[in-house]
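Structure incoming, see below.
Chain IDs A, B and C follow the sequence of writing; residue 1 opens each chain.
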Amino acid sequence: MVSDNKDWLEQEQTTQNDSGAMQDSSVMQDSSVMYVDIEGYEGPLDLLLDLARKQKVDLANISILALAEQYLEFIEKIRKSRIDIAADYLVVAAWLAYLKSRLMVPQAPSDDEPSGEMLAAMLQFRLKRLEAMRNAGDQLINRARLGRQIFARGAPEQIIITNSQTYEANLYDLLKAYSEQREKNIKSNYAPKRRNVWALQDAREILQRLIGDNMDWVSLDNYLIKYLAKEEDYTTIIASSFTASLELVREGHVELKQSAHFKPLLMRRAKNN
Amino acid sequence: MTSETVNNQMSEDDRPDLELRNLRIIEALIFASEKPVAPKDLQPYLSDMANIEALLEKLAKLYKGRGVNLVKRADEWAFRTADDLSYLLRKDNVETRPLSRASLETLSIIAYHQPTTRAEIEEVRGVSAGRGTLDILMEAGWIKMRGRRRTPGRPVTYGTTAEFLDHFSLESLADLPGLEELKGSGLLSNRLPSNLQIPMPFDGPLRDDEDPLDEFDEEEQ
Amino acid sequence: MTSETVNNQMSEDDRPDLELRNLRIIEALIFASEKPVAPKDLQPYLSDMANIEALLEKLAKLYKGRGVNLVKRADEWAFRTADDLSYLLRKDNVETRPLSRASLETLSIIAYHQPTTRAEIEEVRGVSAGRGTLDILMEAGWIKMRGRRRTPGRPVTYGTTAEFLDHFSLESLADLPGLEELKGSGLLSNRLPSNLQIPMPFDGPLRDDEDPLDEFDEEEQ
């Protein structure tokens, strides 16, 4: 089922190397490093969609397991070459690793967590939806657009049909002017420190994305740690994601449960949300 | 300013001269304007009993098949060059700043899922919205903040504007390309398709689950 | 641009479809042009044998008696509102000017920080306010003097008016987006210090630290 993903990766490696070589010969010196332009992707879902397309079948028929493995291998390679990867990509890696385990291990009847098939269907749905939105965007932008193919009166005659305002300004300009000034003032005397800490806000966003639409219990902490943490970051990740999850519970976004002390912490999206 | 002092005993339909006059006035006012014009802005210039919608439809019919058409955008009207001439009139040198992929994707998500929140947009794209996607779209005048969703956190809801329709030559959201198909496939839902109702993009007045942009701001600050 | 490859054995007059096409193109081009159009500028868009002058005359005739006329001005052609309707355009001949950057900035600070003084505005803007900016905003009817702050110098406090809310389609000051909203829409960056605050604007009655304006204030301004 997953035997061909290796071929694909090797193939990818060479083609990526080719394009890398054209751009920057220094990258070529270490030819064992896969040249990956992760910057070229609009986030992990985009990367997944790209990988899915390489399966050359309709999105409805892709192998989600193979896709998960390709993604994980991809991320693993990049991490080995010590390229910094945005947390978004690692969050998805964590989720896919979880998905993979659900798909490969038969589900015990008592298991409270969602089935692998259910998770896979969810991922497939999200890929299809993203692709659909992307296609819709292409169709929109290729329509006959005002000022390009369709034109308004070139020499409008001055009439004011509405009221006789002497000055024009809109709310957006007003808000923008305000924001820029406040920000400008800050920049002059504020230099943000780069700390190796997970901001609560980041942790919160990541958790929310991880939980996504799951209506069933998910145990995430293990995956989070494996994929997101360098050893020295364990504490901050656990602390921040735990605090953020409490906050999410308080606001009614998620529910938490733990069957006993030191058992994995399970979470899911709150039912009535 | 000049008020119509017609003694309107008869119905408008019986007064072809009055109708012609109304048509000419509507034509002149909309023609003079670069932007779509709302019927209520025409009202003061017309005779008291004028049926504006009927007059507009009549004028639109008159211009059908011509080089310039009278088109409806949301509930407003404008003259625009005919779309079948677009290949001929095409201007390619107007490229200001091409829309980034992220912005275009965000725009289509808002268009098809509206009213929608930032979190929902991020959920579809699977990535957090960087600075410069929403605000570029607001700057272009294509999207706006509509209200606040009545859920915890009361997030702001976004929707498209009348300028959006005008720019992309859409009479209403129902004309969005591929909408029916997307609706049919369940891809406009936030959840995995089930027997849930399929939401349709909606740019009308605030919905039951939306509040106007207010109140909460006070508490927040 | 696109060249007509019609095998033009016949005269144009015998080809009503071609003539219609030419008329439509002329109509669209003149409509979309920012300036009156010379016949030679139309040439490249029309079929090879087109008699431009005749077509223009025909189009002018078609528009005769309508709300908009096709007129000739020194050998160039343009659409103009019919003479007898030109009163429509004179109706409200107020020039609409965009608000200057400085005024916009000042207005936004007053909106958020009200009641606020000139010194406070200057502190946020980092430049001293020219007299003109406040005057323009008062003239536009968007700000007003509220009272005097009970501090040394008794500076005048400024606030926004009902017209301000009206112009920006705000129901109340509470509709101004707060800190989180500005961040959420990308207008403010997320990398701001946590102590950054956005004040809660207030346009109610005079506060404890404000005195009413006295009679000489008007002149002083």
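The rule is simple: a contact is a pair of C-beta atoms (placed from the backbone, for glycine too) under 8 Å apart; a residue touches a chain by one contact, two chains touch by 3 or more.
Since we're looking at a predicted model, the values are computed, not measured.
S.K.: Taking each chain's centre as the mean of its C-alpha atoms, which one ends up farthest from the centre of subunit A?
M.R.: If we average the C-alpha coordinates per chain, C ends up farthest from subunit A.
S.K.: More C-beta pairs touching across which pair, A-B or A-C?
M.R.: Higher C-beta contact count between the two pairs: A-B.
S.K.: How big is the gap, in whole Å, between where the Cα atoms of subunit B centre and where those of subunit C centre?
M.R.: Distance between chain centres, rounded to whole Å: 19 Å.
S.K.: Taking each chain's centre as the mean position of its Cα atoms, how many Å separate subunit A from subunit B?
M.R.: That pair's centroid distance is 31 Å.
S.K.: Using the average of all C-alpha atoms in each chain as its centre, how far is it in Å between subunit A and subunit C?
M.R.: Comparing mean C-alpha positions, subunit C is 39 Å from subunit A.
S.K.: At least two partner chains per residue is the criterion; list those residues in subunit A.
M.R.: Counting only residues that touch two or more other chains, subunit A contributes 151-153, 157-159, 161, 176.
S.K.: Can you list every residue of subunit C that touches 2 or more other chains, as numbers and ranges?
M.R.: 28, 31-32, 79, 81, 88-89, 91, 176-177, 185, 187, 189-190, 198 - these are the residues of subunit C that touch more than one other chain.
S.K.: So in the complex, which bits of subunit B are touching subunit C?
M.R.: 1-2, 23-29, 31-32, 45, 65-68, 79, 81-82, 85, 87-90, 118, 129-135, 138, 145, 155-156, 212-218, 220-221
S.K.: So in the complex, which bits of subunit A are touching subunit B?
M.R.: Going through subunit A, the ones touching subunit B are 42-46, 48, 88, 92, 121-122, 125-126, 128-130, 132-141, 143-153, 156-159, 161-162, 172, 176, 205, 208-209, 212-213, 251-253, 273.
S.K.: Touching residues of subunit C toward subunit B in the complex: what are they?
M.R.: Per the stated touch rule, the residues are 1-2, 23-29, 31-32, 45, 66-68, 79, 81-82, 85, 87-89, 91, 171-172, 174-181, 184-187, 189-190, 197-200.
S.K.: Which residues of subunit B touch subunit A in their complex?
M.R.: Touching subunit A from subunit B are residues 29, 31-35, 37, 41-42, 78-81, 83, 86-87, 89-92, 94, 99, 101-102, 104-105, 107-109, 111-112, 119, 122-128, 135, 138-139, 141, 151-153, 166-170, 176-178, 182, 185, 187, 190-193.
S.K.: Inside the complex, what are the residues of subunit A that reach subunit C?
M.R.: Within the complex, subunit A touches subunit C at residues 151-155, 157-161, 163-171, 173-179, 181-186, 190, 192, 201.
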